[in-house]
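Read from first to last, the chains carry the letters A, B, C and D; within each, the first residue is number 1.
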Amino acid sequence: MTIDAALPCTASELLAVMSARLLRDGEVVFAGVGIPLLAATLAQRLHGPGLTILFEGGTIGAYVEPGQLPPSTNEQRCTRRANMVLGSTDVLLLLQRGYVDVGFMGGAQIDRYGNLNSSFIGSPQRPATRLPGSGGGNDIASLTRMIVAMKHEKRRFVERVDFVTSPGFLDGENSRRDAGLTAGGMFRVVTDLGLLGFDEHSKRMTLLAVHAGVSAAEVQANTGFELAMATELPVTEPPTDNELAVLRHLDPDRLYTA
Amino acid sequence: MTIDAALPCTASELLAVMSARLLRDGEVVFAGVGIPLLAATLAQRLHGPGLTILFEGGTIGAYVEPGQLPPSTNEQRCTRRANMVLGSTDVLLLLQRGYVDVGFMGGAQIDRYGNLNSSFIGSPQRPATRLPGSGGGNDIASLTRMIVAMKHEKRRFVERVDFVTSPGFLDGENSRRDAGLTAGGMFRVVTDLGLLGFDEHSKRMTLLAVHAGVSAAEVQANTGFELAMATELPVTEPPTDNELAVLRHLDPDRLYTA
Amino acid sequence: MSFSHDELCRRTGARDRSLREKVMSLDEAAALVPDGASVGIGGSTLSRTPLAMIWALIRARRRGLVCARGISSSEGELLFASGTSQHLITSWFSLGIVWGVSRIMRAYTESNRARFEEWSHLAIGLRFRAGAMGVPFLPMRSMLGSDVLARLPDARVIDCPFTGERLALVPALNPDIALIHVQRCDAYGNAQIDGLPFMDLDLALAANRVILTTERIVSNDQIRRRPDQTKIPFFAVDAVVEAPFGCAPHECYGIYEPFFDHLDDYAAALKPDPEQGMRDYLDRHFYEPQSWTDYLDRIGLPALLDAARRGKSIYDD
Amino acid sequence: MSFSHDELCRRTGARDRSLREKVMSLDEAAALVPDGASVGIGGSTLSRTPLAMIWALIRARRRGLVCARGISSSEGELLFASGTSQHLITSWFSLGIVWGVSRIMRAYTESNRARFEEWSHLAIGLRFRAGAMGVPFLPMRSMLGSDVLARLPDARVIDCPFTGERLALVPALNPDIALIHVQRCDAYGNAQIDGLPFMDLDLALAANRVILTTERIVSNDQIRRRPDQTKIPFFAVDAVVEAPFGCAPHECYGIYEPFFDHLDDYAAALKPDPEQGMRDYLDRHFYEPQSWTDYLDRIGLPALLDAARRGKSIYDD
């Protein structure tokens, strides 16, 4: 991918760095495994010593150690030096109670309204591919402000997801709220091509910025629906040497960033 | 009271011994403070090493020590050598889940259908006496099979309680079940005069046995409504020296049995 | 004390939930409690009662607090008699088997000078739990058919949409403030509770603001060594106050038992004339002391040592 | 798996809840699980998975089990591929970021040979919690508007009688049997769990029968020394089986981490031909071993020592 040539880092590393920048010190972030966990930990090490990381497995205030990345968010290494450990039902209820600022997940398929599909490619009755399913994804996306980090490919950015596993803005406009989802909603989608948000009223996905060496046309070309474009389209700061150094220190085996 | 003359023990001691005999080894009993706690502990020491005592404060498998009786069921001495300690909401939910065989409480005022009042003497709007209230009493009486231990006095055994704090059979017959209380119900009332139960169909309070030296007429005379009488009216075995010895060892200061 | 999800999230979102030190004095913490606030009180009966914080609120002449606790004891008498609260939501309110029915509770409720709003013990617990879970209600199977339920306009009865069974629904209770005393916590508010937790975990998450008093402030390192011993997460906590013997004359599990002699004297002093007796007690133990230490000194060192000896005995084998 | 209160209480009342020793072998415990039973599985993903019990059930050629777990991993593959279960109720079912999407899950579900009934993670948790609380349902705010909810006839949507808000109601899940692995328990079944509890406390109280496997059986005296560390009460437990390394190749908090090399080999063996690879794996590790010790021996002593060294490291400062 052109990105790889343009930057001295893998697409996954780019995702991790760019999404880490979206997390502010002092926030409470509910992170999924993979890029989200890595990016949240990166933010914690770079600019957010007071960033509180929650995991679905039941961890509050995680402080993941370099080279000790967990295979999921349910193993003991997620809890080392954490502030609290509790049941998975109870940690998910913190989302419902309103204690969490940001939910942070990866995505397999997303549509123009930010709905995520991690259940079925094709029809649920006779799927071409049965995917792993929601996990806590539906709960996180239903209850808090979301950041999604994923590869930007036409087959992943579709007009309408085959199955709404984790709700974005559903059919746009007020449909999310009308469905009873009064809290949260999609906030940002970070990809290896750029940074996207959602229009305040129509709730359509909008390109907010592109990464160095990427054009708006290229982003559109890799998207399966018509993107709204921000009036101004800044270019993101490429990952700094320090960001990459810390990131590679956290994941020396490229467990998440291969 | 004639009973005191007839027996070498106080009325409270008689209540404790007589109700302790109703508890069978291996049962799970939810006991209130006072006579119930003492009687359950007595049963545990006498014939029920496998009797499991639960307290509202959050204790499972209590093993109260002689002379260390708690001022309520919410203090640490309730938990010494217990099998488990948990939240008060969670221990009360064990009743709702069906894990408890017997609920065991004292009573201030009871009526012919076993309804208990521990809230108001007189009208709730302008009560002659405001009593301490339900505590877990309503929950215990609503959810499990009940034993009540109380002094047998006309003012306590009334046609209809001023206020239903803890439901017995409400208006009798199927009214308890019709109200949505599908589990439990009054089982026995132990007094210083005798042992009472409830008619299977009418749910009216029925005299089942009298204590030594007490006549059925005397029991009726101390009751504010017409008692049903069992066809046979056995006389209970007086407290044995051993029962009284163990009881007095448990409560040497007569904290509960004055 | 029950809110729409929008309002609940707005209030919670407005709180500073960052990892920050929040250690302050009793007086500073008392200033966080405005007149008329709804206040959830931790512990139960004579156990882990946040007495030091209640002491500070009474001294600060706070007024119109609507208080809620699973089971209430002498702290409820003090709140009524001091004029701090005229409304207590609880399942049971008295002194209990040793000291008899609360004369203060009777005097204030029978004359309608204060309100004792009675729910079943489980109902209070489920109201806090609903508040902690961020749902408007929870279903339960007790209270049905009783006069307790009949007197509670805030509760509802439904036929279960799954089973057709009759169920009571109790509304969430999200107090403005929770007062909770713990054995230890760090400067951020990560709290460990030994022994009986009562309803304090739910109460802490249900409240819009939590004031922790603690026997001891420990390092965050100590907390992080055994995260599975943390019962209350720091981001739900707004104030941490170190208050040794902060429940006296009540107990703190594993540290001290109730001060029985002091409670005997208290009950005896209230017997002849409850209200005058209480005025004298409030003067001597609440208004006159220069500090919490002075309060403890008036209870007396021998009493402290005796209560502590009995308290630690729970860990003897 | 959801019952009327009458039926729930009848089933629970029929259980022997007395304080009694209930230690038995894996095979004896497996005999308590009939074909077609609904089975709640403790732990999550690779953590505290009751592998020894699942191993015994697969060896006993149990059939038609309807299984439920918050998040499922290789144990789900083993249950499907061995023909032990054709129906798994869970929120997520795969191998995960390190080993990729489960080929066995795909093969069985895409061909409709087995059913993966998908609920959100919170929904599974609240279904167990409702079961533990003895209520027919609990309300929640997620799943609304999603296709996950649309495909679940057992869930309902209501307008809240208190706030008018839309809420999802999920039905209680009371499995016939729960399989839970713990670090230690006594012969009566009083269990202590270190670290992440997942949904196991609710699951234990929700189930009609609980089979505990434990790394170690300790004395009841040890339990009674710290009753606030007991997480599952004995009267909810029907069988206690001592099974050291009972989660291998998954982890048991504080005792051993996942056996990563073994899991790498397992995933690699399944890559070329998942079903043949699984048949070979089941033969070698499930059907051929003479005993659980023999199973562990085939995983290998070096792997055990390595997993144990990493597991204990959680308590290093």
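The working rule: a residue touches a chain if its C-beta (ideal position, glycine included) is under 8 Å from a C-beta of that chain, and two chains touch if they have at least 3 such contacts.
Keep in mind the model is a prediction, meaning the values are calculated, not measured.
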item	value
Topological distance between chain C and chain D, in contact steps	1
Set of chains adjacent to chain B and to chain C	D
Furthest chain, CA centroid comparison against chain A	B
Chain pair showing more contacts of the two, A-D and B-D	A-D
Whole-Å gap separating chain A and chain D, where each centre is the average of the chain's CA atoms	29
Distance between the centres, which are taken as Cα means, of chain B and chain A, whole angstrom	58
Chain centre separation (chain A, chain C; CA means) in Å	40
In chain C, residues with contacts to at least two other chains	4-5, 134-135, 140-141, 165, 167, 195-197, 228
Contacts with 2+ other chains: residues of chain B	59, 79, 85-86, 93, 96, 182-183
Chain-chain contacts as defined at top	A-C, A-D, B-C, B-D, C-D
In the complex, chain D residues that touch chain B	4-6, 8-9, 11-13, 16-20, 132-135, 188, 190, 205, 220, 223-224, 227-228, 230, 233-236
For the chain C and chain D complex, residues of the former touching the latter	2, 4-5, 134-141, 156, 158, 160-163, 165, 167, 169, 171, 194-197, 221, 225, 228, 315, 317
Chain B residues touching chain C - in the complex, by the definition given at the top	33-34, 56-59, 71-72, 74-80, 85-89, 92-93, 95-96, 119, 124, 126-139, 142-143, 163-167, 170, 175-176, 179-183, 255-256
Contacting residues of chain A [partner chain C, same complex]	25-28, 49-52, 59-61, 63, 79, 81-86, 93-94, 96-99, 101, 182-183
For the chain C and chain B complex, residues of the former touching the latter	44-47, 70-71, 73, 90-94, 96-99, 101-102, 105-106, 109-110, 116, 118-123, 125-126, 128-129, 140-148, 151, 157, 165-168, 195-199, 201-202, 251, 253-254, 257-258, 260, 311, 314
